[in-house]
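What follows is a single structure, and I will ask about it in a moment.
Chain naming follows the written order as A, B, C, D, E and F, and within any one chain the residues start at number 1.
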Amino acid sequence: MEKPEYLFKNGKRLDGRKLDEFRKMKIKVDVIDNAEGSAEVEFGKTRVVAAVYGPRELHPKHLVMSDRALLRAHYDMLSFSVEDRKRPGPGRREVEISKVLSEAFRSVVALDRFPRTGIDVFVKVVQADASTRITGLNAASVALAHAGIPMRSMVTGVTFGKIYDDKGKTYMAVDVFKPEDQWGMADVAYAKAWNTGEVVLLQMDGDVTKEEFMEGKKMADKAMEYVYKEQVKALKSVYEVE
Amino acid sequence: MEKPEYLFKNGKRLDGRKLDEFRKMKIKVDVIDNAEGSAEVEFGKTRVVAAVYGPRELHPKHLVMSDRALLRAHYDMLSFSVEDRKRPGPGRREVEISKVLSEAFRSVVALDRFPRTGIDVFVKVVQADASTRITGLNAASVALAHAGIPMRSMVTGVTFGKIYDDKGKTYMAVDVFKPEDQWGMADVAYAKAWNTGEVVLLQMDGDVTKEEFMEGKKMADKAMEYVYKEQVKALKSVYEVE
Amino acid sequence: MEKPEYLFKNGKRLDGRKLDEFRKMKIKVDVIDNAEGSAEVEFGKTRVVAAVYGPRELHPKHLVMSDRALLRAHYDMLSFSVEDRKRPGPGRREVEISKVLSEAFRSVVALDRFPRTGIDVFVKVVQADASTRITGLNAASVALAHAGIPMRSMVTGVTFGKIYDDKGKTYMAVDVFKPEDQWGMADVAYAKAWNTGEVVLLQMDGDVTKEEFMEGKKMADKAMEYVYKEQVKALKSVYEVE
Amino acid sequence: MSNNILRKNIIDLLKGGQRIDGRGLDDFRKISIQTGVVEKAEGSALVNIGSTQVIVGVKMDVGEPFPDTPGEGVLMTGAELTAMSNEEFERGPPGEDAIEIARVIDRTIRESKVVPVEKLGLDDGKVWMVFVDMYTMNADGNLIDAGTLGAMAALMTARMPKYEDGKVIREPGKALPVTGKAVAATFAGINGHILVDPEEREESVMDARLTIGMRDGKIVALQKGGNGSFTDEQIEGMFDRALAHEKKLLKHLK
Amino acid sequence: MSNNILRKNIIDLLKGGQRIDGRGLDDFRKISIQTGVVEKAEGSALVNIGSTQVIVGVKMDVGEPFPDTPGEGVLMTGAELTAMSNEEFERGPPGEDAIEIARVIDRTIRESKVVPVEKLGLDDGKVWMVFVDMYTMNADGNLIDAGTLGAMAALMTARMPKYEDGKVIREPGKALPVTGKAVAATFAGINGHILVDPEEREESVMDARLTIGMRDGKIVALQKGGNGSFTDEQIEGMFDRALAHEKKLLKHLK
Amino acid sequence: MSNNILRKNIIDLLKGGQRIDGRGLDDFRKISIQTGVVEKAEGSALVNIGSTQVIVGVKMDVGEPFPDTPGEGVLMTGAELTAMSNEEFERGPPGEDAIEIARVIDRTIRESKVVPVEKLGLDDGKVWMVFVDMYTMNADGNLIDAGTLGAMAALMTARMPKYEDGKVIREPGKALPVTGKAVAATFAGINGHILVDPEEREESVMDARLTIGMRDGKIVALQKGGNGSFTDEQIEGMFDRALAHEKKLLKHLK
């Protein structure tokens, strides 16, 4: 695909959204029977499943910590979730994302309640249309809650980016999808512990001024509320049924 | 090599055998000094060596079972045992064959007599002309007996396949060799615990009716007796000498 | 680069040295703050850093020896230390060199003074112009002394080789550099425990008569004194300063 | 519940002709198949057999043929027993269970010749590579039959990318040629009882397992698994039962 | 000293506006950069930030472009946290720390577009591969900023090999095109205090870390690390401080 | 028997000039070589030195030359210390012992130039790859000398495949060119005594080991192994003894 002439025109992004508009979002809880907690989140065509196991015995032994649980996120993509087949097994990108996802949850989950154990959060991208790590983070957050693991707060994330119109003017936009990820001028993954507003995940590729970043962040903070409410709604629905 | 016009003609297979005829078979016991038990078996040009070590301490520790031994078969091919060099080290095919060989022996060997130990059965294909896993199984069986490891029965295997003549008629045939493996319509690996007749290994690739399979199995059951007798003869010879 | 017509002419090697002449040599001690001992050695353009950690707890546990320390040398090259980028991580060559370097020190270091521990000697080639393992050995020897690890002797090494002139006559020469390593007829790595004259490392590739070898060895034994003195000088300088 | 007690309970039930989840010995659990579940894949299917759920996708690429089969496409089948799908599964490269499952699924697909690889050559000597990858989403037994159904459904609905001037263009083109339908039925033997479609608790106590791959009333693949054994009669019985199941399984493939 | 005691000591000092090595909260340690330190490399640099020392080298080779960017060179960044450089580092393939560090350095270099990869294509369809490899010599914290400086300095002084008749000739040719300068500034958050250029003791007790990659007064990369978090205000504050450091860091790049 | 007691026993015997199996210090065990033992291999040999048995095979394929030696064939030597051949050997990728053994065998074959790699180029720029792989069948010491004999015998009897229209045809063609014969003799040093062809019990207690690779009365490879050392005199003595063994070893190579 050639670089498009614009990513934004007449107030609309390539998929018709406004700058602060989210893609269609779906959250389903309890999608994996065997897991203690699980959730599937869709942001448009991006679809990610998360499942939680633990607190449980931790291997290998040398990772055991006497005062708290080790929480590890394991992010991976199905081989057919992307255009060109991804070789099975985690590569460098997956290792890095697993690390930042793990770190995003460690200050929020009450790990000191489960010393000497492990909590595993599996995040599988079923279909990728950008924002997969943040979609996965939102799913993981719901799955942890569904597993009944105590957390200080729900963790909620959005992406935002910098896109251009046909005059070369640039704009900040939330919930980046594939063409914006590929051709836009910046791509930010951003997540907070909702109750406290602490930033637990922040990554950026791109080229922005401080002001642009702050403008995007403001849009993202607003959008986050929408995502958070969807997370809560999905969780409530499952507890009402159960 | 091009696909041949026939694998069977005028009552003869490409190497001159009849349908129920075995290739020349040789069994040699005690071929590896350092092993507790060992044997080399040839089915025509297929030659496989098996050696047994154990019962012995088992590593890694997490594999140890408190009520019995862990028997593991390790099948591999020498890099120069085949036309195109095989990369050293076991690939997916070797892992699968090692698994089915291990399973073929586990109900027959008195594993509960040796709790917390490991029994290793190494199977190396020195030259491959089809039927290598079954040749290896027959060698492993003799090697286990030679090692003095108690078994409810000798384990004995044969292969059978489905081949065609120049009129397109098909036939079942025992002890498949390379062109029959490559060009025939089915290839079955089949082994029994001789004393009880229990089927401990069964794998097939191909395309057969139930009736064809049963016909081949009947031939194989008969051929198995021949193999079994050779196994016993080889073992006796070594015990008479010793 | 094409094979040169000669490696020696008019009493001079390609870099102007005489047969028994060393390249410019530099030894720097205490180059890595975090290590217990460290040294950098240059033989001409070959530059190697060695660092020592230990005696310290040894992992994995099954390597622990109840009566002495396990000394392990770990030789590797920076990816950009050679003409064609070396893939990161040790290959077969690096494994072999690490083994012979480990063995060169094990009879010299008082390992029985530190039972159940490990001593790690890291050897990194920063720039390679032949003789890297011997340059590394000399650095490791100084680093071990700098770490205060008791040794029966300094370990000192030199390389020697067999080179040719434009008439096809051959000569033995000490301290081989790249063109001599690549185009010469023999390449010897050679090291001794200085105090006792025991040979602790000896490897050769090439083609020599016994007499040629002995001639080269004699030159090397003489050259070794020079290297040894530089090692001692470098160590003294650091202890005077400290 | 320890495995010994579970086994005793299961055997006690089987003596009365019953299974732990109430099924008859020859009953599959409820099967459902949904195709086209991953747009980015050339073909995909989500298969449920009871609470076992697997997702299978097909990706295609252009590559070199094997030297001994010039002009023929290459079919590769992989399986990941994801740690997400069962507490017992571990992360890391495929273990012997995953390898066996992938190879048995592969065997049924390949030997049934439902994908005519000889039609997957390209003009420039290159060939289509067809990657069929299965991932377990929730693993509750009988992964082979689920994976085989998924592979078949994904292949049947796959649309090939285009190939122009030596480049793969990822727009859905014509359908992948598929010339028939293959399925597999797996049986577990537990203390002499033979039951189809074992769930995980049954697998955890079974003596042996037999998978029968079929096409058009014929047997295309067999794989005995497990540490135990079968009698001749049991095997013949499983053939008859499997061939009866073939028709029922095929109904789920459109 | 146990980590808890160290953390308490460091926090006590920070309350008085002091750091464990006497620096102010917004002071980098002494920086020095030496280029051309490895003749065999196309470019190289030895960087000291305090007692942290890293060596970075550039090697170039000719290879195939990525299918989606024909005609564009390929930039690859690696990092080895050598076991030689710190007692805590282990031998073996790169772990998650090394991978993260390499990828963050890569991000600043790549997103700042200082290496115009579109100029690294070759006439025969092949392209230049630029390998940037960092090795830690002595690891005492803030490896990302050191590695970014080293990568930048090595790239700026790199001379390309020649390429004739499909062969790479390893003689220093013209300079690798580099169109600008990028740097990174990393901050640690410890109990609400934000300090730049953390040394190892500070990293061992920090709550969280933020790396800010910059070019020309703009932000080109961000990476939050560590198990803790930052407030919105802290992030905005770090942006301002980072952009002020940019100029100072650039002075070390000739 | 513990290693310490074994060592004491062996040394006591050596003081009287005796070895544990009755040999003299300069005696090899009985050697036998059988070639053509694997028809599928281009060349093969089964070598016994006492109860040490190794099998070596040669396979050839067509591939790309190394960039710095265009037109030259590639010789690769591998060794597997099979877990089948000795209780102490473990499964898995080659460890440092297997790698050293392979590389020392390789060194003698390569440096003796018995295989003229410059004659193994092909018209289309490709070259022959010659893979020499050794497997231990029963490992009872001195694997290097056994492997070197096996490699030599397998090479000397190897017949090259054919190469037509860019394809390897696996029919035995003309003999692989081999222009001479190389052998190796390995000595063990135990408490000052030097003995040739150590068996496994001797290797398990030896101080050091020296392997001397030879061709035509000249030394082509040396490798000292083991944690101990040799004196200058011992080394010179081993050279003389090795060169005397060369002739005897060559008799086993037809």
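By our rule, contacts are C-beta pairs under 8 Å (C-beta built on N, C-alpha and C of every residue); 3 or more make two chains touch, one makes a residue touch a chain.
Worth saying up front: this structure is predicted, and the values here are computed from it rather than measured.
Chemist: Using the contact definition given at the top, which chains are in touch with both chain B and chain C?
Modeler: Correct list: F.
Chemist: Keeping to the contact definition above, tell me which chains border both chain A and chain F.
Modeler: none
Chemist: Where in C-F, B-D or B-F does the A-D interface recur, with over half of the contact pairs identical by residue number?
Modeler: Matching pair: B-F.
Chemist: Which whole number of Å gives the spacing of the CA centres of chain E and chain F?
Modeler: 47
Chemist: Using Cα averages as centroids, what's the distance between chain C and chain E in whole Å?
Modeler: 32
Chemist: Taking each chain's centre as its mean C-alpha position, how far apart are chain A and chain E in Å?
Modeler: 26
Chemist: Where does chain B touch two or more other chains at once, residue-wise?
Modeler: 84
Chemist: On chain D, where are the residues touching two or more other chains?
Modeler: 67
Chemist: Please trace the ring of touching chains beginning with chain C, moving first to chain E, and write out the chain order.
Modeler: C, E, A, D, B, F
Chemist: Give the list of chain E residues in touch with chain C in this complex.
Modeler: 37-42, 44, 51, 53, 55, 57-59, 61, 78, 80, 82-87, 91, 93, 131, 133, 135, 137-140, 170
Chemist: Flag every residue of chain D that touches chain B in the complex, lowest number first.
Modeler: Interface residues on the chain D side: 67, 94, 96, 99-100, 102-103, 107, 110-113, 207, 210, 215, 217-232, 235-236, 239-240, 243.
Chemist: Which stretch or stretches of chain A touch chain D in the complex?
Modeler: 31-35, 45, 47, 49, 51, 53, 56, 74, 78-85, 88-89, 120, 122, 124, 126-129
Chemist: Mind listing the chain A positions that touch chain E in their complex?
Modeler: Contacts found on chain A: 84, 92-93, 95-96, 98-100, 103, 106-107, 188, 193, 196-210, 213-214, 217.
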